Each structure stands twice: as structure tokens, then as C-alpha cells.
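Note that the chains are named A, B, C and D in the order they appear, and that numbering of residues resets to 1 at the start of each chain.
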Amino acid sequence: MTVRVFGIAEGVREMERIAIALLGCGRIGRMHARVLARHPGARLAAVYDVLPKAAAETAGELGVPAAASAEAVLADPGIRAVLIASPTPTHVDLIVAAARAGKAILCEKPIALDMERVRACEQAIAGLTPTIMLGFNRRFDPSFAAVRQRAQAGEIGRVEQVVITSRDPEPPPADYAAASGGIFRDMTIHDFDMARSLLGDIVEVQTMGACLIDPAIGAAGDYDSVMVLLRARSGALAHINNSRRSAYGYDQRLEMFGAKGMLVAENRRATTVRAATASATECADPVLHFFIERYAEAYATEVGHFIDCLQSGATPAVGFTDGVEALRLADAAEESARTGKAVRLG
Amino acid sequence: MTVRVFGIAEGVREMERIAIALLGCGRIGRMHARVLARHPGARLAAVYDVLPKAAAETAGELGVPAAASAEAVLADPGIRAVLIASPTPTHVDLIVAAARAGKAILCEKPIALDMERVRACEQAIAGLTPTIMLGFNRRFDPSFAAVRQRAQAGEIGRVEQVVITSRDPEPPPADYAAASGGIFRDMTIHDFDMARSLLGDIVEVQTMGACLIDPAIGAAGDYDSVMVLLRARSGALAHINNSRRSAYGYDQRLEMFGAKGMLVAENRRATTVRAATASATECADPVLHFFIERYAEAYATEVGHFIDCLQSGATPAVGFTDGVEALRLADAAEESARTGKAVRLG
Amino acid sequence: MTVRVFGIAEGVREMERIAIALLGCGRIGRMHARVLARHPGARLAAVYDVLPKAAAETAGELGVPAAASAEAVLADPGIRAVLIASPTPTHVDLIVAAARAGKAILCEKPIALDMERVRACEQAIAGLTPTIMLGFNRRFDPSFAAVRQRAQAGEIGRVEQVVITSRDPEPPPADYAAASGGIFRDMTIHDFDMARSLLGDIVEVQTMGACLIDPAIGAAGDYDSVMVLLRARSGALAHINNSRRSAYGYDQRLEMFGAKGMLVAENRRATTVRAATASATECADPVLHFFIERYAEAYATEVGHFIDCLQSGATPAVGFTDGVEALRLADAAEESARTGKAVRLG
Amino acid sequence: MTVRVFGIAEGVREMERIAIALLGCGRIGRMHARVLARHPGARLAAVYDVLPKAAAETAGELGVPAAASAEAVLADPGIRAVLIASPTPTHVDLIVAAARAGKAILCEKPIALDMERVRACEQAIAGLTPTIMLGFNRRFDPSFAAVRQRAQAGEIGRVEQVVITSRDPEPPPADYAAASGGIFRDMTIHDFDMARSLLGDIVEVQTMGACLIDPAIGAAGDYDSVMVLLRARSGALAHINNSRRSAYGYDQRLEMFGAKGMLVAENRRATTVRAATASATECADPVLHFFIERYAEAYATEVGHFIDCLQSGATPAVGFTDGVEALRLADAAEESARTGKAVRLG
């Protein structure tokens, strides 16, 4: 897409637009594509998916080129950055290839499901790419971000406790669960990253897991309901609760409690309507159904932050190390759930 | 801006995009321009403002042509519709000219500040334009729309009372107030339209006005604080309260009360954060500051509805007559405030 | 009931208890009797009702004497005060008789349904009783009182608007409506008193009435749904809305809006429970059903204030004049509803 | 206090009143005394405290006899029940003595701070007393009780998760902490009982403790901030968080999450007032300060339940075993906090 602009501002604006390609046109990839297509600082230069039909649909919808291969994208010197939204098992190879091609990278979480692969990836890309950012979208949710900023500004004094509620609207198919690396690596990993972003280093993990929703998940060796305790190096304690099913929608809440007060981020709804009838009052809508709706603003802000970093040369707020650390916590959580013992981390 | 698309879908999508020009690049015009530029069914074909600088800025920001005159826009056979966002005194002339040019029209409210001009406009355009829509943006607010739809679906039984709260964050400059036609025609007119959309025909109006905020407004013969009672033909009663200043932001609420319950649309905020300290708990953000933020979704939905109507040939949900009727109510409100008597309408 | 106390404090406490008799053992009288029986500063000295059975039941429940007649109560020199909770038509005679007997008086509202009788009562008791208090219970509601006190302390700056919502859970029998003096004198009178307590003198009244709920109420010449506008001498505007039926319970809310912010008193519920299901979230209980439950604390505080005044010699916060003024507003409201004209008061 | 009643109902009512003596006139004892003095089914027959002044004050306030010794109370054949509100170390001796005297017993929690003493007490009173009830007041909170009843009625389907928030307004003196048996036995014990009442038997306990508020508490070997995970025999998971200090008041919340939805009991406040200013909106009061205010209704209902059981012969909803089980959980919690291992219970 060529941007035709008029008058004095023309050259300036054109130079600012950063050419970014999308790798992976599934549900989340397509959502990212729309964000990139609208962003005034970006130019969606190409989209690619292993399924040509998926790439063609996204390309057609947004009027951008569909690339023939990931290699073609990475070989294009006009493309400065890639957004990797392909399935998790492809992440490491794409990260390494993109880094070798000198592209900046925004990669959906997780890097990989096992630490060995993550460490190998880390070594392979050392020094190769100027910018790598992990897609922990929730850090960019305006409400969660406001809680963190206000707490860090001292509004509630020393932070003593954090409670994170994170419940999916419905369980994944049992075969997804099997391939996902387990609930701690697939779902809680977001909450581990949130805990780290709020509290810094985590030094102790304790968990309990249960299979209460879908026996097939249990049969696959996974849990569908988990509770976590964390201790931060700061001394603060944190609790995470996860469920694979929430009848009232995607339950995403956060509570920070400190010496001087408490900050809470509540759920979001499509409207502000409240209904009163003979049986109940102040009834609100169900909460927004799932991540695409719930974190629409967060995804847009995340991509905006990546573009800002590319324009300014700044380091993204969430990097490769954050992906490593979240996975370490997921591994520890899994171990604690299996052994019933607290796992201490460096 | 030419949309370059790829593959099979190319021709199809291009044909769907409706060429729309913007007349008036002030604050609200620029906001509309951004909405049009993003809408997949529209093509912002040109922007015009009596101040060339304003037009150039909007054109430059969005990469669209700035037109040399309104006449040039209306003479362009490639342009199917105009969005009129210029100052109120220009609305009638632009509506008439656009209608004569066979353009579809989306015009910001109000049509004009006096009924004679509105009636003259109505006659001048009779039969000329296929589609004319008035910009009563609040009808398209998702929360207000949900309240109306749920009430009309019978959720609260027969509607008996409506309470509309509508308070601006800060008073306009005194000279604006003087030129605005007075608070009833400038501000309450939105609430009159809302009352009509919720209750149908209004048959009686009673008002009280006061100047409590800025003596200059009173000196200009206007009020800055008003309260209204309405009686609908259905029998239902409605109350509107307006203030030109609200310390906590743009207060926009709606309550519908009926035989079986109540539906309320609450204010909107930037985040869902709630803070607790030693002095207070559950403290939320101030409400969104003013119409651009508060009604961002409504403006986008409004423009989307206009485009949908153009694509499908449907009649817009809010037309010229709605502009006439809201002004009739504003005139009656002014009369009641001056005389202390209820004004009955056909 | 003799209070047997022990130790040093004995004599002191006994002398503090003020002997009060209850006249009228209906629903509200019995509620007052229970409050008096529990109050450490009062002694419920006798109860009387024109129906001996009603008096006997209340006497039996609380272990107090049932008096044979109102005259016997007033002739008892041991009784210092009477609480009049008998039907409205008896109020004036009992007030006059009690005042002549030198008793302090706490009388349920209203004094009477017509101004002539009220003025006659006023003259008849001039100078006779040290203390007369009217039972405008809502002034003593902790939430409404907090709003008033905080507004008067300047928290929201100059008060510009007040909105009072007051809806009964269910309409009275049609014959009650007929004898009640009409909705303005029977129901809105509470809201008129509230408006006066919040804003001081009211100088202008405008109303609209409708019969939307029970045709029998309309046939009796009354309204079941009314909306009111008031202008205070301070310049502030106020709105009252009333309905004789509210599906979700006794809707009692208050909003004060000023130059620096807003104070709102919300409804009360039996529990703080919020429920979330697939169809709705944050669903609260219906609001407390009616005045006995909703204003339980207010009634107790009201009686406590009366006792405090008797002990300290202070003048009650709500006196005979307040009853007169509320009735004047009700009369003006009725006139405005009939004529469609604003009624201006002194 | 002899109740003098009149008329037919006299004898009946007198017989219904159950003579109860209070042992312990500290803060919580005096609160119970007031509840007993007001209850229509009870007669506060005597009060005793090891400090004669404390007993005299309560006796004087309520007009009841102050007993010379606990032995005198227990020897009085007219007294049917005792309410034990003396310091924890005296509970076992008083329970045993009262049981031997054949009195019914309502004892404040905990029975004792170590399990050996509790077991000895259990054996000593086996078969001796018809009725023994433990003072887990929170079970009688109307909101918590409603959540439990609605969940048990199936409103949210199978219960999968429980989250209990319980934070005191301010830490106790360090010497209190030392003598209290530690936070798990002194404070969390209430939440353990709540978890049991909601979920039934608990089979696994994991905890983390920290000292974040008062170093003196840490120096005394205790924690001031704890987080707990529980697994119920039903499979459900539960989380408890405790803090010895909450800037915004006594934070007491409960969340039950199940297959079909969620039930939450929110905090309570003195008024329903919400304030909006330029910096924040919907600001509510701080939550009620501490247990006397927060659980006023719960304490009254608890005593009422005890009296109902005495009148009807029913077994109290919370008995000696509940005290034993809550202490077992506290012991397990302490062990887990010290060892970092999950503790499994029968």
C-alpha cells in the first residue's frame, strides 16, 4: 500500500512508517494485522501463513501483499520487522531466522514450551537483533498498566500482596491441552509475567492443581483449575487463580494491596448498562468474552509500543528475558503441583 | 488514497468502498475524518475547510486530497456522499447544495438554530437527495442503544419514567454561548432527541433555567443550568438535567423506569481501576472528559450506519425530521423557561 | 417497666430515662414502640390505640402498660412526652391536647392534609409545648444525612442541582389514595422536606402528574407517577420523581451536584452479595422493600434525636414549621400539575 | 431483671426467656451482653469478670446483677446457659466447669491454642452438656450466609474455587501476637472455619507467611501477612489471604466460583454515599472499621441461633468439633509455612 500524501508533511510522514511483516494469519495474527494496518507509524508490508488461503484472506481484507514464504519475507530488505503469530512450535525457528536476517521481532508468547529450546534460542540470537519483544499483551491493558504505575508511584505504599484472577470462558479441546505444555505454561504463564511486572523477581512458588471441569484434561495429565502462591524477592506475596471455564466470561482481575491502600482492576463489559428487576438489581453485562475482545486495546498498545521502540531506538518494556523467566515460573509451578513442595528460585 | 489489493478479492472490495467527502475540518470534523479513513466500506475522497490550513492538516494526516472548495467537492461525480461538520450557520446552505448535487448527506446537528430556516431547508431539499441523516451521535452509543433496545423488547414492561443526565465538563466561552442559540438548542437538543428516540412523540414541555456557573452566560441571556420535564404521547414522563460544568468529567447517564424494572446506562471511564485508601474506597477514574472520548464508539457506529444505509439503500435511523422535532422541543423549552408555563405540542 | 440497676450508677441512670407514651399502635407505631423500648435514655411509659387489641398486643410484646385512653395518657404527670403515630386525621387534635397538657411531642408526618387545619393547629399550640418535632424520618437516614453534611461542609462547592428519586414498591389500595390527600401530600411531601433540608427555602414549583399504574387512582382524581422541578432561593434547581410502584423495591436515592463535584446516596440492600452467571454479572439483591426496613436506622436515630433534645433542652432539627412548609410545597405542586403553570412561593 | 408484662401474654412470654450469664466483660463480652439484654427470648441473668470493675460497668449499663465469681454463676440453678467471652487461656476450664454444672455453652473461639488442651477438654465434657456452640461469628453474617446458602442450593453449579480475603485494620500490639498462638491460630482460624462451612472437609493445606508490617511480630516468631491454599475433599480449591493491617478498614470479602457462575460477598460501609470530584468518582466510605461494627448483625444472629437451639432443642450449627477442626487447619498451616511443604489431612 502506497500512502499518497499531500503538501509539506508528505515526505516526513512517509519516512516514519515502519515496514512490518506478519508471520502467521490465524485468529490472533489476523487481529494483529488489523492493528498494524491502522497504525499511522507502521506499514503492513506483507503477510504470510503456512496455509496460503489464510494469508490470502488477510491480505485481501487489508489490501496488502501475501508473501510466498517466510524466507521471502525475511529476505526482503524493505522489511524492518516481523510480528510472529504462528503456532508456538514454530516460534524458535522463526525468531532465530528473523534475528539472523537482522529484523526486529515481536513474538507472541510463549517462546517455546521447554526451557532447553528457549535457552538454545537465546544463545542463537545473542547479539543478532536490535530489538526483540515478547507479546505479553496484558502488560499493555490500560487498567492493569494504571494499577502498576500507580503502585510504583507509591500510591499504596509498600506492596504487600497481589491477587490475580484469570479464568478462561471455556476449556480448550482436550488435544489442545495435551499440546499446550500444560495449563501453567499455556495459561498461567501470562499471570506469572504479570506478577513479575508488578513485583519484580519471584523467589518461591507453591501450587495446587485440580481437574474439575473436563476429565479429558485430567486424563491428558493436565489440570483445569489451579491456585498459585508466589513470594517476591521484595517480600511481597502473590496469589493467582486460574480456571479453564468461567460461565460469565473471561474473568481478568487484578488486586494490589499495600501499606496505604489497595488498587484493583475490574473486569470489562461491552456496555455500562445496569438492570433492575423484581429478582435482582444493578445487573451488568457478562464480562467480555475472551482475549480478542478483552484485550483489544492492549494488543493495539502493545504493537504501538513495539513501533515506538523501533522509531526511537528504545528497548521494549518486555523482552526475551521476560519470556524465559515466565517459563521458569511455569516449570516451578508444575513441579510444585506434582510434589506438594514449595520450589525456590535463585 | 488508492487501495492496492491483491488476488481474487481485489475488484470486489474496491467496488464496495463508498467515496465520501468531509466538509469542515474542525475538531469534530477531523474526528469524523479519522473514522472514515479507517472504515473498510468507505473511502475518504476529499476534505474541505474554509481555512485551507485546517483542510491541509487533515489531508496530510490521513493521506487524502484537500479540496479547493465545497463547490469542487459537490461537482465531483466520483463523490457519492458528504459529511457536513462545518459551523452550524453553514449547515442549511451546504445541505441544500449537496442535495441539489444528488449527494447523500450526513450532517452534524443542529440543522439550524431557528425553525424558519429549518423549514425552508426542508422544502428546498424535498425529493432531491436519496439519503439524509442527522448526526445525533448518542443514539449510537452502545450503552444507550442497549437500554433502548432492551426496553423496546419489553424487558422493563411499559415505560413510565425516563431520567437523562447530561452535563458538560466545562462551560463554553461566553461568546460561544451567545452564538449557540442558547443551551436548549445547543446542548439539550441532544437530550430531546434521546427522549424522542426512547419515548416517541413528546406532547408537553416544562422547564426551569438558571445561571449558576458563569455570569457572562446569564448576561448574554442564556442559562448554564437547566431542568426539563417532558410528557410523551405514550403517557410516560421524562426529566432532563443539564449543566455547563461538571468537575468530574462529561456526565452522560440514562435511566429508563418501567412497570417491571429499570435499565440504567452509567458513565464511562478510561480504566476499570478502583482505589481504596484510608479516606475512601472503590474510587474510580473521573468519567471520560468530553464528547470526542466519550462517544468515540458512537461516532464510529454512526458513520458506519450511514455507510450501511448507502450500501443497502436503507433509510437512516435518524433523519431530517428528527432534527426538526428536536428543535421544536428546544423552542418549546425556551418558551417554558421564559414564561413559567407548560408548552403543549401537537 | 422498672429498671433495676445495681451499684453506684443506679440513681443516675434512672433519672435520665424519659417517660414517653405512644399514641397509635399501627404498623409504624409498633415500630416506634420497639425503638423506644430499647433506647437507654427512654422509658416507654404507656401505649394507647383506639383499638384496644392493637394496644394490648404492643403492650404485651414489650412488657409495658396499655393505657385506657389518650386522655389518661395526657393526664399522667409522670409522662413527659408523646409520640403520635395514629392516623393523620387525628394528628391535630392530639397535638393540641398534648401541647395543652404540656407534653413534648414527636408527631408522624403530615400534620394534616389541608393548610387551614395546620394553621389552626399552629395557633392553638403557640407557646404551649416546649418541644415539638415532626417525623420526617428521612432526614435521619445516615446516607442522606452524610450527603447533606458533606455538601454543607463545602465538599462539592456551591450546590447547583439536586435529584431525588423516590418510588414506592407497590401502590396503595385505591381507597387509601382517595383519603391520603393525593400523592403530593402523602408521598412527595417527604421529598419536599428533603429538598428543603438540602437547599433551604423553595421559591418555585413546577410539576407533571400522570396515572400510569392503577386506573383506580386516576379515577379517584390522583396521580401515581409524578415529576417535579423546584427552584431554591439559593438559585439551585431540584428534581423529584415519584412512582407508586417499583418492581425492584423501595427506590430511595439522592444526588447533589455542585461546582466541585457530586454526592450520591444509593439504595440499600439486605446483603452485599453480587452474583455472576452466563446472562449477567454483579447482580445485587433487590433494594430493601419498604420504609420499615429501609429506614430502620433512620427511625431509631429520629427517636434518639427527640430524646436527646428532651435531655439537653435543644430544639429538634425538624419542627412544626417544617411540616407547614412541606405541605405548602405539596399544595403548590398540586396546583401546578392541574394548571400547567409554575407556582411561585414567597 | 424481672420483666413485668401485662395482660394475657404475660405468663407465656416470661417462660420463654432463657436465663443466660455472661463470663467475661471485655470488649467482646460487653457487646454480647448488649445483644443478650435486647433479645426477647433471653434474660441476661448475671455478668462476671475477673476484674470486678469491668463486671460492674456492664451490670450497671444494662441493669443486671454482677456475679461475685464464675463459680457462683455456675452454681445458680436458675441460670441455664453461659456465654464465655473471657480470655482464651480460660476457655477450657470454664467450658469444663460449665459442662459439669449442666449449663449450655456458647464459647468464643478459639477453644484453646494447642490441640492437646482441646482434646483434653473434649474428653472432659463428653456427654455432660446438652448444648455447646462455638462463636464463629462470621458464619452468621447475612452476606456470607447468603452466599453459602445460594451456592448450596446449586445457583453456581459445582463449586470449584473459593477466595477469602480477611485483613485486619491494624496490627495488634507485639505482645498480643506473642500470646495469640500466631496469626494462623488467632486470625486465619476464622477463615479456616469459613472454608470448612463452605466446602466441607479440607484435606490439604499449603501456606506462605511473611512479616511485612511490624518487625516486632517477626521477632516474636510470627507472621503478619499470610497466604493459604486449601484443597477440599470435594476437589475444590480455596485461597485465603490475611494481613494484620488494612489502611481502608476491616477487609472481609468472600468469593465462591463454580461451574455456572460466581457469588461474591463485598465489604460493608456505614453509608451508601458515593462522591465524585475532579480526581475520582464513585468514591465510597472506608469499609467498617473492625469486627464489632462489621459483624454487629452476625453477633446478634449468632446469639439468636444459640437461644433458638436452647428453645427448640436443636443442635447448634457450629459446635465443638468445628473448633477442633479449625485448630487442626491452623496447626497444619503453621507447619506448611515452616516447612514449605503441603500438609495432608486425613
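One rule holds in what follows: contacts are C-beta pairs under 8 Å (C-beta built on N, C-alpha and C of every residue); 3 or more make two chains touch, one makes a residue touch a chain.
Since the structure is predicted, the reported quantities are computational estimates derived from the model, not experimental observations.
Student: Using the contact definition stated above, find the chains touching both subunit B and subunit C.
Tutor: A, D
Student: By CA centroid distance, what chain is farthest from subunit C?
Tutor: A
Student: Could you compare the number of C-beta pairs in contact for A-B with that for B-D and name the larger?
Tutor: A-B
Student: Based only on mean CA positions, could you tell me how far subunit A sits from subunit D in angstrom?
Tutor: Distance between chain centres, rounded to whole Å: 44 Å.
Student: Please work out the Cα centroid separation of subunit B and subunit D, and write it as a whole number of Å.
Tutor: Subunit B and subunit D have C-alpha centres separated by 58 Å.
Student: Whole-Å distance, subunit A centre to subunit B centre, using C-alpha means?
Tutor: Roughly 37 Å separates the two chain centres.
Student: Please output the residue numbers of subunit D that touch at least 2 other chains, ranges allowed.
Tutor: 156, 247-248, 260-262, 267, 274-278
Student: Show me the residue ranges of subunit B that touch subunit D in the complex, using the header's touch definition.
Tutor: 247-249, 267, 269, 274-287
Student: Taking the touch rule as given, give the residues of subunit A at its contact with subunit B in the complex, in rising order.
Tutor: 1-10, 13, 38, 40, 56, 59-61, 63-66, 142-143, 146-147, 150, 155-156, 260-268, 270-278
Student: Okay, in this complex, where on subunit B does subunit C touch?
Tutor: Contacts found on subunit B: 156-158, 160-161, 163, 165, 167, 204, 206-208, 210, 212-213, 225-227, 229, 231, 235-239, 241, 243, 245-248, 251, 257, 259-262, 340-342, 344.
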